[in-house]
Amino acid sequence: MSRASGPRSGDAIFASVERVNAELFTLTYGAIVRQLLTDLEEVEEVNKQLDQMGYNIGIRLIDEFLAKSNVSRCVDFKETADMIAKVGFKMFLGVTASVTNWDADGTCCSIVLEDNPLVDFVELPDTCQGLYYCNILSGVIRGALEMVSMKTEVTWTRDMLRGDDAFELQVKLLKQVPEEYPYKDDD
Amino acid sequence: MATTACFIIVSRNDIPIYEAEVGSAVKREDVAHLHQFILHAAQDIVQDLAWTTSAMFLKAIDRFNDLVVSVYVTAGHTRLMLLHDSRNDDGIKSFFQEVHELYIKIILNPLYLPGSRITSSHFDTKVRALARKYL
Amino acid sequence: MDPARTPLGRMLLDEITPVVMVLRTPLVEEACGKNGLSFVEMLSPFCSFSNIDVPVRTASDQPYRLQKFKLRLFYSSDIRQPDVQVANERLKDVITQAGEKDLSNLSSELPQVDELLSSSESDIMPSWFQFFNKELIRTMSFSDHEAFDHPVACLLVVSSKDEQPINRFVDLFNSDQLPSLLNDGAMDPKILKLYLIVHDNQDGAPEKAKKFHNEMRSTFGSNSSQLLCINSSQGGLVEHLQNPWAPFKTDASPTQRLGGFLNIDDFNEIKKLTQDLASKHVIPYMEEKVRVLNQQVSATRKGFKNQIKNLWWRKGKEDTPDASNGPVYTFSSIESQIRVLGDYAFMLRDYELALSNYRLISTDYKLDKAWKRYAGVQEMMGLTFFMLDQSRKEAEYCMENAFNTYLKTGPTGQQNATRSGLWWVEMLKTRDQFKEAAGVYFRISGEEPLHSAVMLEQASYCYLLSKPPMLRKFGFHLILSGNQYKKSDQIKHAIRTYRRSISVLKGTTWSYIQDHVHFHIGQWYSFLGLYDSAVSHLLEVLSCGHQSKTTQEFFLKIFLQTVQKTGKACQVMRLPLPVINSSSLKVVFEDHRTYASPAATGVRESLWQSLEEEIVPSLPAARANWLEVQSNFTSKPNKNSNMCIVGEAIKVAIEFQNPLQISIPLSDVSLMCELCARSDDADSEANSLTAELQNDEATMLTTDRFLNSDMSSFALSNVELTLEGGGRKMVQLTVTPRVEGTLKIVGVKWKFSSSVVGFHNFVTGSVKKIQKGGKKNKQSPADSLKFDVVKTVPRLEGFIQSLPEKVYAGELQQLTLELNNKSHLSVKNLKMKISHPRYLNIGNQRNLNMDYPACLEKKTNSAEKTILEPHTINAPRNVFLFPEDTVVQGDTSFLWPLWLHAAAPGKVSLYIILYYEIENPESFMKYRTLRMLYNLEIFPSLDVSFQISACPSTLEEFLVRMDIANKTSTRNFQIHQLSSIGYQWEISLLQPTDSIYASPTLMSGQAFSCYLILKKSKRLDRAEANGSPVCSLTVSDIQLSTEGAGGKMYDSSLSPVKDFHNVERLQHGKSLEGDSNMVDFVLIYWPLDSETDPGVSDRPSLFSHHECHCSVASTSPISWVVEGPRLIHHDFSTSFCEVTLKMALYNSADAAASVRINTLDLSRNGDAQSRDESTLASGKQAGWYNVSLDSEIKVTSDVSGIQMKPLSSDSASPFVWTGSSSTKVRLPPLSTLGIPLQICVFSPGTYDLSNYILQWSLVLPDDQGNHGETRPSSGTCQGYSYFLTVLQST
Amino acid sequence: MGREVSESCIDSLVTEMVFSFCNRFYADKSDLAARRIEAIGYQVGHQLSERYTMERPRFSDHLEAIKFICKDFWSEVFKKQIDNLKTNHRGTFVLQDNRFRWLSRMSVEPSLETGQEGENKATEAMSMHLYFPCGIIRGALSNLGIPCAVSADISNLPACSFVIRIKA
Amino acid sequence: MQFFGGSDISPSPPAPTAAGHNANVMYMFNRNGVCLFYREWNRPLRTLNPQQDHKLMFGLLFSLKSLTAKMDPTSADKGNLGVPQLPGQGCSFHSFRTNTYKLSFMESPSGIKIILVTHPRTGDLREALKYIYSLYVEYVTKNPVYAPGSPIRCDLFNTNLDQYVRSIS
């Protein structure tokens, strides 16, 4: 496929897309989290559901990402991870993330966020210890990557709400699933 | 600095969600309820005023002996009430304004449910600092 | 409305009226006394006229008529300022009486806010307020700074029985018993005198009286003399339907009959008398006086000139004796006269005139700084304005002015202030300005407690009545007044006010307020001895976390004292101490599932169920803890309640929480239950009865009964605990049903500091349902606390004997599972499953009674390999079935061996499920399961790693490098033996054991490594011969240490080692039938020193480390060696030398490979060639050169000297490959092939025959292409160096 | 603070929220789902109004507050004002947004074969997306001391009108 | 184009030279081979039932892709024939032409495949397909009531698509 017009920079896209007041986004997410906390009492369960929601969002979001970023192939995990951090976070959340801590065989890395609109004004009460407030992000990444045939496992290794100095997501590539021929060869 | 200054935040449904004795006087058990009584009673006055004026800062709306009640009513009808014996109104006013900003930060915390007690220690320390600064 | 009709109006018309001074002789009183009345009292009822209808003219000759009018009669002795002390006493009595009256409804129900609001002023206000206020005002009368109390006329009364009444009249007046007002010149002593002679008809006919009367007329003037005859009725038995005197007799006792001797004629006489007293004398006199005074005033003061003069004159006299009430004004002074004028005018309703004069005078007084008088005038002005009903502002201004001015004038002023305040309040009330009125009340409350109490209370009602009602203010002022009442120990009133305040303060979260109110009411009640009410209020303040520690202790102390005073052990529903965290409620019971340990109950049900799946026939959906969501109740007999077994305890965990900072003792904490037995049961009716009782005290009754009666149908556990300040504790309670039926857990009860019993109902404190994954559970908490109690079934208790908590990795231990069957029935069909077979494995009956580890020793102490039968290596079944015949009889215990292998360091929790069936068919349950949970912590011991590399010298031989590091800090290990398990692989030592290392033991922290050789066992050829693929694992062992175990070897092919090994293999994902390039190693070792760190098991045990799936395949599947002579003697003189070599190729891949060997010409391979070699050396077979060297060193040592020379001198000494320059062969998988090679050498020397290349490629079947294997499918290899030395033979 | 994020963030978040509550947590109990979604909106509105009224004097009457919602509040949230405000002067107000952002991309096929129940499902799915904005409005107003009930009408997409009934 | 809020992601479509309908059929498959979308503007001949038709089309693409990849002389790593690939892996064809029609094909890394069958004389449609892809993003993935992976039923998408396709030369 022609790569004549290569991937566009995150900033360029962010400048071009429709934007909304971040507070609305932040508060909406917060309200959702709280509703979940009240509905399903157990923090573990909330983490799970948030991740699940994120996954579903990722599935939808990936196409917009590809269309706007003009990325034409996501075969190399390293490359893709970079894309997500540099372009993806920028074009959606307006913040830049960095990719670090590559392991030897290039299947595991960390995405680090210094700044995260999701957690503006958030303060974890004692009752919510163990809550991964931003768990939706990990879900989004997981979902998006799965759509480009990368099965991954995304976990939080640092969380500012728990007193760390940044947010760090560890993304581990489990396997790349090729596209199968969906139909039985009955004829 | 005010010798007596009892600061209370009252939610719209008349529930005190934050209380602090910020006066320089040593905190005495036996006046705690008196202060509450005065502020509590003062709300009758606030209620009258709240819908009649649109001003946020209502100074000295009520008094009991030498104690004066000043109130700051937000658009959301949350009432920041101060029971004080000092007389520097603009000090009090700016105290209210800054506390209001802090309060909004609290409100915006999604995990804080409106109308519940404010337990954030950070908030508490900030408020007391402001009290030292302005009252 | 007409001001005169307002309350204030009436008050004024009542209070501000002309005063008539009465002077009388004792005999007069005597006469009246017969009626139980004094003279004044007798007349008073007839002194207020509803329509007297007297024509009057104003000063300016405006005619008008007076309708309502009133005279006030006083004995001269009473015309003076009343004593404050006395007055207060009287007031006090009034209040106390009122209090007594209230006592009745103290214990009544609290008034609600809304009904307070709905009810009118009159019935909110206590009735006695009016009276109180009036009395209060009276205490200010006859002050000299105002004139309306000054007597207008003087009535001299003489009895007809007196001798020379005429003289009596004279000295009556002259006698010095006149009030001070007249004497000290405050008022004009020249006062209108009226003379009255009273005749008592009891003393006979009035002739004598008439005679006197005529004398009087002649002496005092005809119209100022009167005759009054009374007591006309004989026997004094006259009944008066409505007794006119009652209101005037303060101390009227109902028994005493008033006016017994007065008949209707007397009435009329009296009426007539007072009538013309007023109309003929008083009013005309005042009218006249007003006219006269008015003329004087206008003469001296009206007009501009006069005013200037007046003003200048007042400036003139600067001498003001005392600032308080200015100069003394005699009656003759113009000021006094103006004041009199004003007051008279006021009393004659000529308000304009009054007002103008008040105005006039007030300025004067002001200038004179005669403050008290000034205030008085202002007061009157205010009232006048009110009566004129004009300019309310003015009126209020005046009142306020008066009020403040009074306050300025010392203590007496205080009282006047109060009076004007009261009038002011009335004024505001009539104008519905209740808020302001309240304010005034507050201001006149003053210091004196009782007084202020009343005022504050009135203030509070004003707030209540104001529109909109100001309830909080209402409450606050009630509290304030309550305080004052308490100060003047009117406790009943205090309670009354406080209780009223509750109605508005109820339910506020203003904690301090709540505490204050309830605490004080409580205290006061107990002071009055109403302890129950006291307790009920004190309860409210118990959980006061926000209060300081000292306060909390204080509250608690008072509460407990009060409780003691009540005498009986009080039982309280919803005792707020301690707080019970309903959401923490957790019920654990055992139906078909039983638990070996509390730890096991903590595990999620889902986890257990997943483990049980294969074991349990059909997974029934009871739940271990009702907070868990479950959906299907299919297999339950009773849908909405759980099942439990007679004699087996139901455990309930509930969290108690202490809001206080002080620790609180709790005792007798136990559950409240109802058990409704099956109808066929003995004591059914008793229990069913209890089951019906639903309301709280009923349950407390029944529970009590059950606690005490030992033959009750269930047993309850009883807990004591002490909650530290701010502490929270989970409390474990149990109930054990003794009969079948339905059991309901109602709530929990406890005894607080051994005096108060508290209850808490679970259902009332029901927690809201969790909603997970959209599934809604259909069970309400109430249901989940109901149980079907079914007939007892056997229950196994099980545990693992001496399972350590901490072990070192690799440890292999023998354990025993012990099962006890307490019941008399036996159970069968035992099954068992373990969550982590890697760590815990099930042995078999055999090794129960053999001694371990000896049993693992090999019979023959040889290192020869054994073969594992294929069937032994299949995966361990994850459900273990005990032998058919195993039956655990009642009251017996049952043992079974288990093996523990600490496979990997870290923490692991082992879940064990034991399934068994009950052996009598009609039992309600067919089977039960026992759930066990053990946590194991494994420390790292030895860290073992293997590295395999092909050995060039010989085919199918590999060098194994074993690295061992002792990770422990304390322990030393003895390395005992190493076994290899794999297809045809055979491990052997490179050198004899003792030469490898100094000591066979490994100190803590020590590490070492050694080389071993791994070679194909010969049996391969046979296998290959008959073409069958190799499918049998061989085990070969080598002993690494001669010491320990008497040089015995352990057999890795015996279980448990074998079993664990298989698990390990599975653990690493690959199938057991791995390809033949895989080999496993088992290292067996044990700790040397018996000294152990605590907690770690020190029983005799082996350690085994399993390293699985070490691949022997090098990067290229093709390996080869060139075999042939190394040293040849040849006579070059005869011919060149032909040397034949054999290249043996081996294909280790599982696919066929095609190999091409290209021999290169020596000329064409230069240094490039050698460089390739060097890269080859450094790159591929790293770490094998040196080894191969020292393995070959013996061979080449002697010739090395010579051989190097020719190499170095001329490396180009020629030799050529003969035969085909390139051969291509096809190698079937896992096979070797020999290929002949030949070279010609033309001159002696040492040659390196490495100049050939192998190109190989695997022929892959298509289906495996996508395995993503790391191994390439084709490649090219440089030849190995092979040194051949040819010597000139001689 | 002028911080911004891409519109797709909020869009997809809201979409997913509605989806999760309707189809995962409260499948087949749409009323419950609706209540939850509305509650979430309520909290957001509650907070936002507190935030946006920070430097403005209190409203002395209802109309003022409503106007605030139409102008400042709406443009903060949707970058545009309400296009049309109607009231009956008896406590009912109708706010119309001619092109309501959150519905601008919502469309279903006037489907040929799905039939009646398909239609209903589609409309129900759509209406589910209205509880959130309704909740926001209600939360905002009640934070300003005006308890009310809010409903929405999307009879002609992408226009959407919100009906506010103030509780007397 | 207001709908894209001034975003210049989508290439503005090539200006229509000859007004009229060059497009015959359009398919859209997702990574699982589900036919998300099928629309025909001009298809006189219909032989198969839709399922078979879609299946055939997908099969054609699938094998064509792996073939092209296999025959790729440039790339070093040859996937075996028929061995499935990652989307975007190896080389990929973007159109072929027969004497009667032209088939243009694009595949996003997320496995969305857009197939547009047009008149044989139509030019390079890669940009056009990209644009259609962005239409899909805008009106399908962002449609709150569209469930990912299900057949597309959004008239906003249809209308915009029709309008655009009409302009293709």
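For reference, chains read A, B, C, D and E in written order, and residue numbers begin at 1 within each chain.
Quick note on the criterion: a residue touches a chain if its C-beta (ideal position, glycine included) is under 8 Å from a C-beta of that chain, and two chains touch if they have at least 3 such contacts.
Labels paired with UniProt names: A, E = Trafficking protein particle complex subunit; B = Trafficking protein particle complex subunit 2; C = Trafficking protein particle complex subunit 8; D = Trafficking protein particle complex subunit 6B.
Every value quoted in this text rests on a predicted model; they were computed, and no experiment measured them.
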Which of B-D and D-E has more C-beta contact pairs: B-D
Chain nearest the global centroid, as defined over all protein CA atoms shown: C
Rounded Å distance between chain C and chain E, as computed from the means of their C-alpha atoms: 60
Chain B and chain E: spacing of chain centres that average the CA atoms, whole Å: 65
Distance from chain E to chain A - Cα centre to Cα centre, in angstrom: 28
Averaged-CA centre spacing for the pair chain C and chain A, given as whole angstrom: 37
Multi-partner residues of chain D (each touching 2 or more other chains): 7-8, 12, 14-15, 19, 24-25, 43, 47, 51
Where chain E touches two or more other chains, by residue: 5, 83-84, 142
Numbers and ranges of chain B residues touching at least 2 other chains: 108, 110
Interface residues, chain D side, partner chain B - complex: 43, 46-47, 49-51, 53-54, 56-60, 143-145
Chain E to chain A touching residues, read off their complex: 5-10, 31-34, 55, 58-59, 62, 83-89, 92, 94, 106-112, 126, 130, 133-134, 136-137, 141-142, 148
Chain D contact footprint on chain E (complex, rising order): 3, 5, 138-139, 142-145, 147, 153-158
Residues of chain A that touch chain B when the two form their complex: 23, 26-27, 29-31, 33-34, 37, 120-125, 128
Residue ranges of chain B touching chain A (in the complex, touch as defined): 105, 108-113, 119-120, 122
